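Shared between the two complexes below is subunit A, which pairs with subunit B and subunit C, respectively.
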Partner chain A sequence: MPYDSYLHMSSNQETFASHLDPSKESSTDVSSVDLSFLPDELNQENTEQTLTEGKQGVERNHEIQGDPSRLQSVSEKNSNGICTDNFNLSNSGSNPLPTENSTLPSPENSSSSFFPLTSMTPLMPVTPVSESSGIVPQLQNIVSTVNLACKLDLKKIALHAKNAEYNPKRFAAVIMRIREPRTTALIFSSGKMVCTGAKSEELSRLAARKFARVVQKLGFPARFLDFKIQNMVGSCDVRFPIRLESLVLTHQQFSSYEPELFPGLIYRMVKPRIVLLIFVSGKVVLTGAKERSEIYEAFENIYPILKSFKKA
Partner chain B sequence: MNNTAASPMSTVATSSSGRATGKSTSFTLELQSMMFSLGDARRPLHETAVLVEDIVHTQLINLLQQAAEVSQLRGARVISAEDLLFLMRKDKKKLKRLLKYMFFRDYKSKIVKGIEEDDLLEDKFSNSSNVNKRQKIAQDFLHSIDQTGELLAMFEDDEIDDVKQERMERAERQTRMMDTAQYAEFCESRQLSFSKKASKFRDWLDCSSMEIKPNVIAMEILAYLAYETVAQLVDLALLVRQDMAPKAGDPFSHAISATFIQYHASSESTAACGIEAQSDAIQPSHIREAIRRYGHKIGPVSPFTSAYRRNGMTFLAC
Partner chain C sequence: MSGGGRSRCPDCGCAELVEDSHYAQSQLVCADCGCVVSEGLLTTTFADEGHLQEVTYSRSTGESEQVSRSQQRGLRRVRDLCRVLQLPSTFEDTAVSYYQRAFQHPGLHAARLQKKEVLVGCCVLVTCRQHNWPLTMGTICALLYANLELFSGTYLQIVKVLGLDVPALSLADLVKTYCSSFKLFQASPSVSVKFVEDKEKMVSRTLQLVELASETWLVTGRHPVPVITAAAYLAWRSLQPGGRLTCSLSRFCKLAGVDLPHPAYLRVQELLDILLRMAGQLAWLRILNLDKQTVVKHIGDLLQHRCILLRQAFRDEAEEEEGDEQQQEEGEEAGSSTLEMPEKKRPASSPPPLLPPCMLRPPKRPCPTPADSRVTGEEDISDSEIEQYLRTPREIKDFQRAQAASQAGTSAPITS
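And now, the complex of A and B:
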């Protein structure tokens, strides 16, 4: 329950504050830690945006929209590392907060970070927080790599393994497929392997192990070193049409929209470093993540923005 | 100086008479859609579209011929991106816009490849130096012709493209008033381009009868230039139309930015009268006036200042 976490936070203000702003000296003056570590605009921007979703309608958003330079600076501040909306409290190792917080979606965490650290005021939020979007992006594809750490005879593999293709004139790797999980692997003679098509990290690892076992069974001393997720792709649907022309105008620094070339708007989010493809229909594709949390974080970041550009 | 200083209008006249000898491919319908997406009325006039098609066609054919000449100078066997970039070297803004387009194309294929699993494999099959191919070509070429360093400075330059900005603002204004169905139609129109109909485009330009043909990237750039020409024509025609509209009273009205006036004028007119769709559409006369002004030689030295003017054709796209 939030009670415990708030109490913890108040008593550990110094460490908390210094976690959020590593560049600051940990202040001993407890009473002055009144969110000053948060740049003003950032604080306002986020709470105001979340406020309007709940209360005042879109007027404020138009105001915000009308000042692209301000938005820019907010996002730049985001990129500087202090991003309150998305400060994942479970990230820091010596975080005094109980780990239950790490399972909550970020905006709710951020609301707790805005709340009075200075005093033990009522723990119900005074400013209503926007519910997190309620939409969870589905992972569509994971690309991972692993090192089998031995030289491989691709011709032998192609001859003896089922579902393997090898066309040395076209490409210098064996392409192998398995059905469960439905994935494809590119196996190189150096022993390196790329695995694509899995829908989750665990499945990708499982598939990679299966491929490794196939190689092992063919007589190679295959190991399983340095398994690493290289890219994750997620997608979801916000279920309302979006006015991409205004989005590209207001977020010029981050977006490109050339409908003659590609029907979606390409949004390069800085923190986290994710690329989003946003379509008029409301479908959103997120790519470039190394961890699942980045996809969720990116989506929670973009959702209020998309809502403000909803096609009425 | 070349005496056959054919103004674009007279070349338009000659080409249209030549066209009577059966040109089967016509982009008139697509052009109408494109003009709508660029700021014209919901149903652009057919005559306007025909005129625009004529102008674009003539300009592109001329551009191709000049590119072929440059190509021959180099001793190359195909017209490639470098030749077109060379022709555009004089106008930095337009060149920059073209470069941005090329880089965006590279970037988009990189991203889409990462998403589609099949594409990922396809890419591995083909030469992996495909990444940022267009960017490399452009950078290498500009590096080779750049004497003063201005061209290379363009890559670092981060100035906002005013024309592009204006177009974005216009699109935003246009879409603000639309309902979902109209907006869907608008989005579809925006997705139209010459590059989507590559083979029809090639026929339209009559590439097969040329000695030196353009390669794939050159065709991409030509499709882009064709689209830019249409966009420029619409931009200019809208400006002309706004100029023609009588405005009572305000002596400084002509000094205020075009988009500002357009916005206010249109909101007044829609409030005042039931909209006569025809009068909102761009008329051929607007286009002709726009071309006339664009090609108008001003000043005593201007006939000698531009290579393109010497040839009598002022290109809208470069």
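And now, the complex of A and C:
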């Protein structure tokens, strides 16, 4: 679960050669992280680097907060799930770096002097965590389109491919599925293709390439043009119940709450242009993003609003 | 008719050109100096119509002036609906104006007739909501024989398109209206005397139960009507438990002459759970070991003290957290034992948290692990991986044969 995601991220960050696009990949941000365990000169370097770093689209306070203030904001019991245990562990006493629970300066700006440290311990990068929420929305679905740039014979594709279904009376496209990554594609006779179901941008691109490769192997001169992410859907849980009736009163111009029609509140955020579905259980679904940062930014914008409705 | 936007008079340069006719010939004449700018060449749709020449309807002036037949029918239906619902006359005018405004929007102007019918209901609903007149979408859909999906789509569209500010359905008013529609207030052949109830008492107790439900998270996110049905049922039973404890929810709805919404069963159970927890806080009720049937007898007492009982019965998580944080700070400084803070300290059998039922149920399945983030999207794709998705030539032949056989089978007459 969320804790596991940190482990994955940490092993990822060990390979500094990986040039993941910082805007796409969950990049590290040490703005809210306690770096007191690092020797002074490294600490200094680090703060400068984070201050000069510009994160795309995510407006966040880049100040490094001291211990006590951060402890308070993060120590809310289990309501913010992820960060609590990790940060508590890393702050307890003077021990050097318990294995999973330390924090890491961002890879793109790390100088070679940091390498020895990282090779000793798998340091854990901090994903876009704002000092206020500590919750990261998980991406659930990515919809992308690509142009294969050749006319396709859908009947032939349906005949030669095992994973394709084609019912021209119902829908004028072949529905093809692959197992890894688990995605579905709609392939039209014009050569345009829609790929859905991937959990990240890279996986969506990989899946689209696999579909294109299948079409190629079927004998069509398929290319891979204009790959574009059209929509991204993320979800997360704030872990406390929300008074939707009050939220719709105070944010009337953005919210639509009709319990007769739908149990959730539909919040249309203007900047970034994201639609959020907010439910009484505290679960939030964010959709309409073209970039990952928009989802994170939207959640950081809505979290203080939701927190103000925390008390019944 | 002025010719604004056309050329200027060559003599005086004024733009006020008037269309005039010299005998039968139309002329364009300057209004200031009287110079004839042009003649015999002018035709406008208006002029054409005047000269009895054909002009397409969409370009004619008639369309914008007259109200189309479809719009007229819609406006008539709006008025009829307002009369059927016995709404005040001011509502009618507001609803009509909304319909006219909506009709001008291209999306709704060219919509199918079915949608225009539903639009009638949407305008009436918006009007009622804005005047705090409790009207549910279910009622309107039933009156219009419309399906709720189409209604909801049209309603959300019209709210967005017209930029309307629609307040929420007022629950208190809905309770009063809904309860007033019950047929339990007079004895009749179907309603025996022991089932008859005083309207005021019933409405006030139902209102209190609905308030209790909304405080305990039973109303947020749920359809309002089943909550009210459940509250009315419990209120009615508690007012005279003697003869009514054995009456079931479906029988109650039949007596009252209202439809039984399916979620009402669950709401009754949830309300009874809350009431039982509250009863556990009252000393004289704790010894009685109440269950879901017997607690109904004491609903009156419970409602009377509901504020205190709720606070005692349920731990408020948010207040607890603040208390704990203060505890931490104070504890660290003073180093005192926790006995000094008895109220904040949680007892061994702690009261349950006050949460919506969906948060109290255990999660159905564990959260799926997030994907490995090492993917770049540019990895190599092995041939074998792709080939697993392709049919071998033999499989293709088999598939084609099977397809042909099934088609032949369907086209041939079915034999036993």
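Criterion: the second predicted complex is superposed on the first by the 180 of 312 C-alpha atoms of A that agree within 3 Å, B and C clash if a C-alpha of one lies under 4 Å from a C-alpha of the other, contacts with A are read in each partner's own complex, and residues count from 1 in each chain.
One rule holds in what follows: a contact is a pair of C-beta atoms (placed from the backbone, for glycine too) under 8 Å apart; a residue touches a chain by one contact, two chains touch by 3 or more.
Just so you know, these numbers come straight off a predicted model, no measurement behind them.
Mind telling me which of the two, subunit B or subunit C, contacts the most residues of subunit A?
The partner that reaches more residues of subunit A in the superposed model: C.
If we overlay the two complexes on their shared chain A, which of subunit B and subunit C does A:R209 touch? Say first, second, both or neither.
A:R209 sits against subunit C, while subunit B stays out of touch.
May I ask you to decide whether A:L261 touches subunit B, subunit C, both, or neither, giving the answer as first, second, both or neither?
Both partners, subunit B and subunit C.
Contact-wise, after the overlay, does A:G197 reach subunit B, subunit C, both or neither (first, second, both, neither)?
The answer is first: A:G197 touches subunit B but not subunit C.
Determine, under the contact definition given at the top, whether A:V285 touches first (subunit B), second (subunit C), both, or neither.
The answer is first: A:V285 touches subunit B but not subunit C.
Counting only touches as set out at the top, which of subunit B and subunit C does A:A173 meet: first, second, both, neither?
Only subunit B is touched by A:A173; subunit C is not.
Classify the contacts of A:V143 with the two partner chains as first (subunit B alone), second (subunit C alone), both, or neither.
The first partner, subunit B, only.
After superposition on the shared chain, which partner residues are touched by A:L218: those of subunit B (first), subunit C (second), both, or neither?
second
So, does A:E245 touch the first partner subunit B, the second partner subunit C, both, or neither?
In the superposed model, A:E245 contacts both subunit B and subunit C.
Go through subunit A and flag every residue that touches subunit B in one model and subunit C in the other.
The answer is residues 241, 243-245, 248-249, 252, 256, 258-263, 280, 311 of subunit A.
Provide the residue numbers of subunit C that touch subunit A in the complex, in ascending order.
Residues in contact with subunit A: 136-138, 148, 152, 155-156, 159, 165, 168-169, 214-215, 217, 219-224, 316-319, 321, 324-325, 354-356, 358-359, 366-367, 369-379, 381, 385-391, 395-396, 399-400.
For a test of understanding, state which residues of subunit A touch subunit C in their complex under the given definition.
It comes out as residues 1, 4-5, 8-9, 11-12, 15, 18, 20, 25-26, 72, 75-77, 79, 138, 159-163, 178, 180-181, 199-206, 209-210, 213-214, 217-218, 240-245, 248-249, 252, 256-264, 279-282, 310-312.
Considering only the defined contacts, which subunit A positions touch subunit B in the complex?
It comes out as residues 140-141, 143, 170-171, 173, 175, 184, 186, 196-197, 231, 233, 241, 243-246, 248-249, 252, 256, 258-263, 266, 275, 277, 280, 285, 287-288, 311.
Mind listing the subunit B positions that touch subunit A in their complex?
37, 101, 104-105, 107-108, 111-112, 114-115, 117, 120-121, 124-125, 160, 168-169, 171-172, 174-176, 180, 183-184, 187, 190-193, 195-196, 227
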